[in-house]
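Read from first to last, the chains carry the letters A, B and C; within each, the first residue is number 1.
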Amino acid sequence: MHNCNCENPLVPQIVEIVKIIDETPDVKTFHVRNENGVPFDVKPGQLAMVSLLPVGEGMFSVSWQEEKEHLQFAIRRVGLMTDELHSVGVGHKIGVRGPYGNGFPVEACQGKDMLFIAGGIGLAPLRSFIKYCLKHRSDYGKIQVLYGARSYADICFKDELFELWPKEKDTEVFTTLDRPEEGWNGHVGLIPSYLEELNPAPEGKVAVICGPPIMIKFALKSLEKMGYNDEQVITTLEMRMKCGIGKCGRCNIGSEYICLDGPVFNLAQLRKLPPEW
Amino acid sequence: MDITGKIREIAARLLQNGEVDLFMAWEKGDLPFQSKPFFARRVEDVERIIFDEYSIHNLSNALLKFRDRQEKIGLVVKGCDSRGVVRLLEDGQIERDRLYIVGVCCPGMKDPLQAMRDYSGFNRNPEAAPLAAKCENCIQPNPVIYDELLGEEQPPRVQGERFARVRELEQLSPDERYRFFEDILSRCIRCYACRQACVACNCRTCIFDETKPQWVGRETSISDNMMYHLVRASHMAGRCIECGECERVCPVNIPLMLINQKLIKDVDNFFGPYEAGMQYVEGAKPPLSVYQENDPDDFI
Amino acid sequence: MKVLNKNKLPAVFDKLAQQSELFVPLQKKEQSGFYSWKSFDQASDQLALDLLNVYLPPKQVLLPQTEKMYSFRQEEGGVAISEVYEESQARVIFGIRACDLQAINCLDQAFLTRGFVDEFYKARRDNTTIVASACYKPGANCFCSSMGVNPLEPAGADAIIRDTGTEYFIWEARTPAGEELSRQLAEFLEEKELPLPQSQAFERQVDMEGVAEKLSQVFSSPLWEELSDACQTCGICTYLCPSCYCFDIQVKNQGEAGYRFRCWDSCMYGEYTMMAGGHNPRASATERFRNRFLHKLEFFSERYGMPLCTGCGRCIIACPAGIDISKIITAAKEANWSA
């Protein structure tokens, strides 16, 4: 069951922004905490509603919980609330409520080789799972991360992608840009085609995908072609959310609410739902 | 042949030879007073088409659903509906060459919504009148744009002074007027049906859906309700084609046309003579969409 | 049996209104709905207990059109929450029909179960006593009996009144809360034996058997386009529906302070699922139309075990385009979905 610490799940707790990292021109990572540390515990893949009280709320995946210290959110500037959020500084107080959603099946994936496929800001939700696997390294097999972005400037978490993760035991990172760019000597091409090029074998593997809907749809097709079965493929979806607790109605795909029953689904579950995302 | 027969003939011909992909008219529901919009797509569908005294629904509004698509569309319009087509053409929402317009001179309609409410058991006193409220004030029963015209030309139906009710309100003191509008607008439940039913409301992102900034709050407080109706009416000034659908569909019976008529009278007075949507001239724009140096400004 | 003289109703309401906020069906000029008895204006309003039903549904009492949630204050370097508005004062809804009460049972499922409890709804619901009015004369658009509702035995009522057609209602308490009302109204209740009225047949009936199952198979059918042709996505259906509950959450700022509130929203509106980046999974009217009917007749059943339509008929009365949910139910089983 869901453990929301606030008595009224629609009312946020006040936290402070203690650090802001500029990831890309339009993505920032915010570290938030209250005087005791994390406002609530979060499992990898769970979500929280970030509230700029006079402006609005937005649902974001928690891209990492640092012990009991703080929560990290990677947030792209794309609408009214995120616009304002990007203009506040360290020390500013905002609201958060959560945790929401089902999170990734971290236990069920133990012993498996992990293939993470992410596009753009889609790396933010997967990051919590990747870091979890790295933290409990011996519980998981080989780790491969395939990441694509529009341009070099749009790559999030550059430090982890290029410096930290490739140095981890039995961990590989593959990065691709949509288009050629001066100074970029890495792979150029869209994620689904790079995926088929790399052709990671499906045996004993779990593939976890996140990104824009169109990228997810094509990547799923590629994985099918490569022999992955429905139970081996997991994705995390996004819909417009307001309440975050499965009541306001708008985030449904069929009879499932993305904020409550999702956002993580395996392909077998997804196929049973109407193709409306 | 009666009008229904003629319309069916035209629809069948247009669908048969591929001149249209879709033909919009009305069909009967189960009850005698139920006439509702119907889109014929195949020649077999044509036999469902009717035209009777309950064919009140303004089909020009339905054209907005197809504005980004390619279909050629045939549709039946009465006087007010045809002004709605002119509205869409002037606003650049649809191309003339996609449309085949069958005009019908309108003898005045009855309102199926009123009749249904009387039939429902929810009404204590019957509402339905010989003519729908919106038809009582009709100044243009004959279509102003068409490819074919059916029926006999009809005289305007408005009796006595067209803006009598508006003038009555104008005579009230500002306080009395405020109380009047507070009374009728406090019951608004912000269902936005008036906006959806309105052919002149064709913005891709409606001002009331904007977030940066949010212009009018969504509370059903009297201030937000008033702002909603005043802003919407202002956007209609010089553009409202008086089809009266907004008032007809309102689930809480707000006399919306009163506000629109005030603006129609004012626009005609200040920027006129002008009636919206009376004729389609390519490139023509409503008076408030164009700035002229000699625009009246003594009321500012 | 206990009976209540209709002429005593104003006094009964005055008594009930002393200890709770009392909501009764009223005709207020051109509008009818469930309003607070305190707002009754002798000059212009009429009690509407004798009518089949009222246009604005009683969900307003538990899920108001506009409901303040919490207020906040801007402070040095941030913000603080000042007050959370959980309205838990006692309420009574008097004269609700079985269809509308079943709709409230549906709202209870949505708001009180599954993962989280909506505390705002709970505060109102826990402190609301419901007196239902048994319905003997279904209207032309009523089909509650087809949707699992018994108009003579409104499920979930604390007390039931039955209009005998004379000057008396029969009064039956059903729960401890209902018994408590009987005690409060003891001075108005009399002992009398009166015959129950004859209940009349339903003109409109549909067969819900297998509908949810069938609809789950026709999601991609081209028939949805034709069914939705006339729909203008005006949203009237969702607002008059006693069981539609989708809401929006917005903020109102007043200088340095402000409050967050929620208000009714409609899945029929274009921007309902519009995401900040511009992606909209249900951009067309057809997709939203389909989602609404699937939610009503399939998704809600799959999730909570009951359809989200209770056969009150309001949408059939008020839809300007003539869309009829009972026809969609019949079409589920009888239409050619692969056409």
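Here is the rule we use: a residue touches a chain if its C-beta (ideal position, glycine included) is under 8 Å from a C-beta of that chain, and two chains touch if they have at least 3 such contacts.
All values derive from a computational prediction rather than experimental measurement.
Q: Farthest from subunit C by Cα centre, which chain is it? Let me know.
A: A
Q: Can you tell me which chain is nearest the middle of the complex, judged by mean CA position?
A: C
Q: Centroid of subunit A to centroid of subunit B, CA atoms only: how many Å?
A: Between these chains, centre-to-centre, one finds 48 Å.
Q: What's the distance between the Cα centroids of subunit B and subunit C, rounded to whole Å?
A: 30
Q: Go ahead and note the Å separation of the Cα centroids belonging to subunit A and subunit C.
A: 38
Q: Quick one: which residues in subunit A touch 2 or more of the other chains?
A: Residues 56, 79-80.
Q: So which bits of subunit B are touching at least two other chains?
A: Within subunit B, no residue contacts more than one other chain.
Q: Hunt down the residues of subunit C that sit against at least two other chains at once, touch-wise.
A: Those would be 248, 250.
Q: Quick check: in the complex, which residue numbers of subunit B touch subunit A?
A: 211-212
Q: In their complex, what parts of subunit A are in touch with subunit B?
A: 56, 79-80, 83
Q: Touching subunit C in the complex: which residues of subunit A?
A: Residue list for subunit A touching subunit C: 1-2, 4, 7-12, 14, 16, 53-58, 78-80, 82, 91-95, 212-213, 238-240, 242-243, 245-252, 254-255, 260, 274-277.
Q: Tell me, which parts of subunit B touch subunit C in their complex?
A: So the residues of subunit B in touch with subunit C come to 29, 34-39, 41, 57, 61-62, 65, 112-113, 116-117, 119-124, 187, 189-193, 196-197, 205, 209, 214, 217-221, 245, 248-249, 251-253.
Q: For subunit C, which residues are in contact with subunit B within the complex?
A: Where subunit C meets subunit B, its residues are 27-28, 30-32, 46, 48, 51-56, 65-66, 137, 139-142, 226, 229-230, 232-236, 238-240, 248, 250, 252, 261, 263-264, 266, 269-271, 285, 313, 316-318, 320-322, 324.
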